[in-house]
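Everything below concerns the one structure shown next.
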Amino acid sequence: MSYLACKDLISMAQLSVDDIQLILDTAESLKDISERDIKKVPTLRGKTVVNFFYEPSTRTRMSFEIAAKRLSADTFNLTASSSSIVKGETLTDTIHNIQAMHPDIIVIRHPSTGTPHLLASQVSAGIVNAGDGINEHPTQALLDMLTIKEKKGRINGLKIVIVGDIAHSRVARSNIFGLTKLGADVTVSGPPTMIPVKIEDLGVKVVFDPRKAVKDKDVIMLLRIQLERQNKFLLSTLREYSSFFGMTEEIIQYAKQDAIVMHPGPINRGVEINNSLADAESSVILEQVTNGVAIRMAVLYLLIGGQTSDNMH
Amino acid sequence: MSYLACKDLISMAQLSVDDIQLILDTAESLKDISERDIKKVPTLRGKTVVNFFYEPSTRTRMSFEIAAKRLSADTFNLTASSSSIVKGETLTDTIHNIQAMHPDIIVIRHPSTGTPHLLASQVSAGIVNAGDGINEHPTQALLDMLTIKEKKGRINGLKIVIVGDIAHSRVARSNIFGLTKLGADVTVSGPPTMIPVKIEDLGVKVVFDPRKAVKDKDVIMLLRIQLERQNKFLLSTLREYSSFFGMTEEIIQYAKQDAIVMHPGPINRGVEINNSLADAESSVILEQVTNGVAIRMAVLYLLIGGQTSDNMH
Amino acid sequence: MSYLACKDLISMAQLSVDDIQLILDTAESLKDISERDIKKVPTLRGKTVVNFFYEPSTRTRMSFEIAAKRLSADTFNLTASSSSIVKGETLTDTIHNIQAMHPDIIVIRHPSTGTPHLLASQVSAGIVNAGDGINEHPTQALLDMLTIKEKKGRINGLKIVIVGDIAHSRVARSNIFGLTKLGADVTVSGPPTMIPVKIEDLGVKVVFDPRKAVKDKDVIMLLRIQLERQNKFLLSTLREYSSFFGMTEEIIQYAKQDAIVMHPGPINRGVEINNSLADAESSVILEQVTNGVAIRMAVLYLLIGGQTSDNMH
């Protein structure tokens, strides 16, 4: 039995405020395990976590793998190229085959929106969405929220701006769902071609001018420019994007004095953020990575830990 | 000391009836470990299992890896592309190098017939054949036999037909050796170009017409069409194969009413089997996958578990 | 706290004689773990070892992975192709990201000289150099020294010749630093284009003629010809190299009668060494591989084992 309302973590849109709070609180309590001398607890011993990544990834895949092993679960890595996909098997058949080996959790990253949702209804293993197309990336939003909560003490009432290619960012969508649920005041900014029409329906404001967008904000959340996922015509040049929306100390000074700068990584120095700002005190980019392990430990624990006796510490 | 007569599992041709029975019985007793809350026993703690795959594979490699970890062995994955092979080392030198790191078992898949047999004589580690060219794939035959035994209560006296490219299938060869040893009545069927001459010498019947071949059978075992392993001229088109030998409800009705349909996977829907039959009650394809983990646990246990104190449960 | 003077193992040039002796002694005492029935001790349980390889490798990567797991550490493999490198992230950012997940050790192989040294100053994790360009490969030198010590009882005073492409070999450089520190009398040999000018400054002799170079030596250490790392014009043909410097029984007879022949592998039979000599009694190539696991266990233990209670046996 899962401690969450559902056997899967598919989207921030799906999670209740209580679910989010539970995940954040659990991650906070698990975080210190990674700072101990012996970074391992027996909580998920004998559990099987399969990482199934259709898109290349260093930090997300490794973050899940580290999270699983620090809870003593066994991990298995599958990639699209090594898989039966290349032999013509359908995704549904592949997932049923994995299920037949009795995993407890399948972490999946896939280029198509909705794939994790589709698979979740077909298998008894818990499905964790590690990014599906331009739809959602819920553990990224959760680790961002944990980082904000740690740095600011709360999320409710904070002024947060997300800057970049909002239209093609699963990170932006998951954060918008999560942050607005917890009462943050969310603004999005970027070139007009990168802001979806009717984005206001999700409860956010749109401010195109980066200085105005940043003004008085507590949190500046930058997005990665992912040229591979967007139509080349949307953006005349990287240089043009960078000259308008690349974050610099000059722009940041419009924000609150104690504002923090976030980025899901990997960063393109000189594109989304300039060199000195990336390394400044205000940047919490590496804390986000650290919190990623804690959030994934919490998610794995809450989805399958309830099945075992409670030996969390 | 191995519980089997030999330190290696190279072929079904090599195994005695008693060996096969021992593996099937052991797999049955280990199977429930994968269904427990804590899917792990300490039986092979401190043992080293190397998966060395020269051909891509999802389910077989992962099945061995899961089997090993559920018995608490440490696993290591080597692929041809990551290996010293690309640096010009001979296979023999590679295997001696792996041996020098003291593994207990080396699971090998290789495109050349006889490779596992050759290597077995050169190293003290146990060699498990995970498929060698068009020769043998013994753990696949064993998991098929376990599935048949579970579904039919026995193998002796059953009427079994294997349909497909018999000439190029290591799955067919291993099953023919195993099933005939245990007293099954085995028929093979497929296009004439795919049936080797003198196949009757292995103790099987040949029936070309699929309806006649299926008639009164208890088990319909389909083979995967592996275009990569056969001369293109043997088969005018996939569609032609499919229209004659693709299994459908219409053909299956000639079999016994409680006949089961098997396939080693990954399946090509619409080629070897039509969509509805693949998902029908009679299809035991996913049970085969589940039994694959149990069989590989049994094989690893029987080959190296005898070296340790008997803490199997 | 590390048992070594430094949190990292970057180079043999950096190590003191006492450090080297400590590593060799520790490796000797850990070596028998790999020969036990249960090849595992709990020494590094809960420790995280990341293998980060920018160049392909079978034996070195696997050797580190086996060493780590036999000490009960958790291991994670990153390769350049799977990593954020392909997404344009700088190496420094990648390493900071890995650090943010709190590994204890990062084992790195990189084509550029000095990379491990650079990274070591930036992260709190221990960095182990598994080969940086043509600079150093310290664990290879240590395993070579362990092998020599085992076979000859000592290193001090031994006459050792290194044959091959000295100019482009990190193995040669690390061995020269280590062996001369421990008092060996080291000669290098190879085609003039492969011997760096002023190599004598490192305390070695140069003898071009292979027979004269081998004369009266206790140890003949061959290097791998790595065409990928050298300018093609240095070497007219492999055949020419082989006919002059390929080691044969005819040349070896000039050495001491009990001389041993070493090679870091993978060997090119018929290039650096002829077939029969590679398999002769005097060849200790596979013992080198076995000692590689012991040396890496020792290095991991000495760098991070001091942090935990001393449960080495």
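Chains: A, B and C, in written order; residue numbering restarts at 1 for each.
The rule we apply is simple: a residue touches a chain if its C-beta (ideal position, glycine included) is under 8 Å from a C-beta of that chain, and two chains touch if they have at least 3 such contacts.
None of these values were measured; they are calculated from a predicted model.
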Relative orientation of copies subunit B and subunit C, as a Cα rotation angle in degrees, nearest 5: 120
Same or different contact residues where subunit B meets its copy subunit A, judged by the half mark: different
Whole-Å gap between the CA centroids of subunit A and subunit B: 40
Of all residues in subunit C, the ones touching two or more other chains: none
Residues of subunit C that touch subunit A when the two form their complex: 45-48, 74, 76, 78, 81-84, 86-90, 93-94, 96-102, 307-308
Subunit B to subunit A touching residues, read off their complex: 34-40, 56-59, 61-63, 65-66, 69-70, 79, 265-269, 286-287, 289-290, 292-293
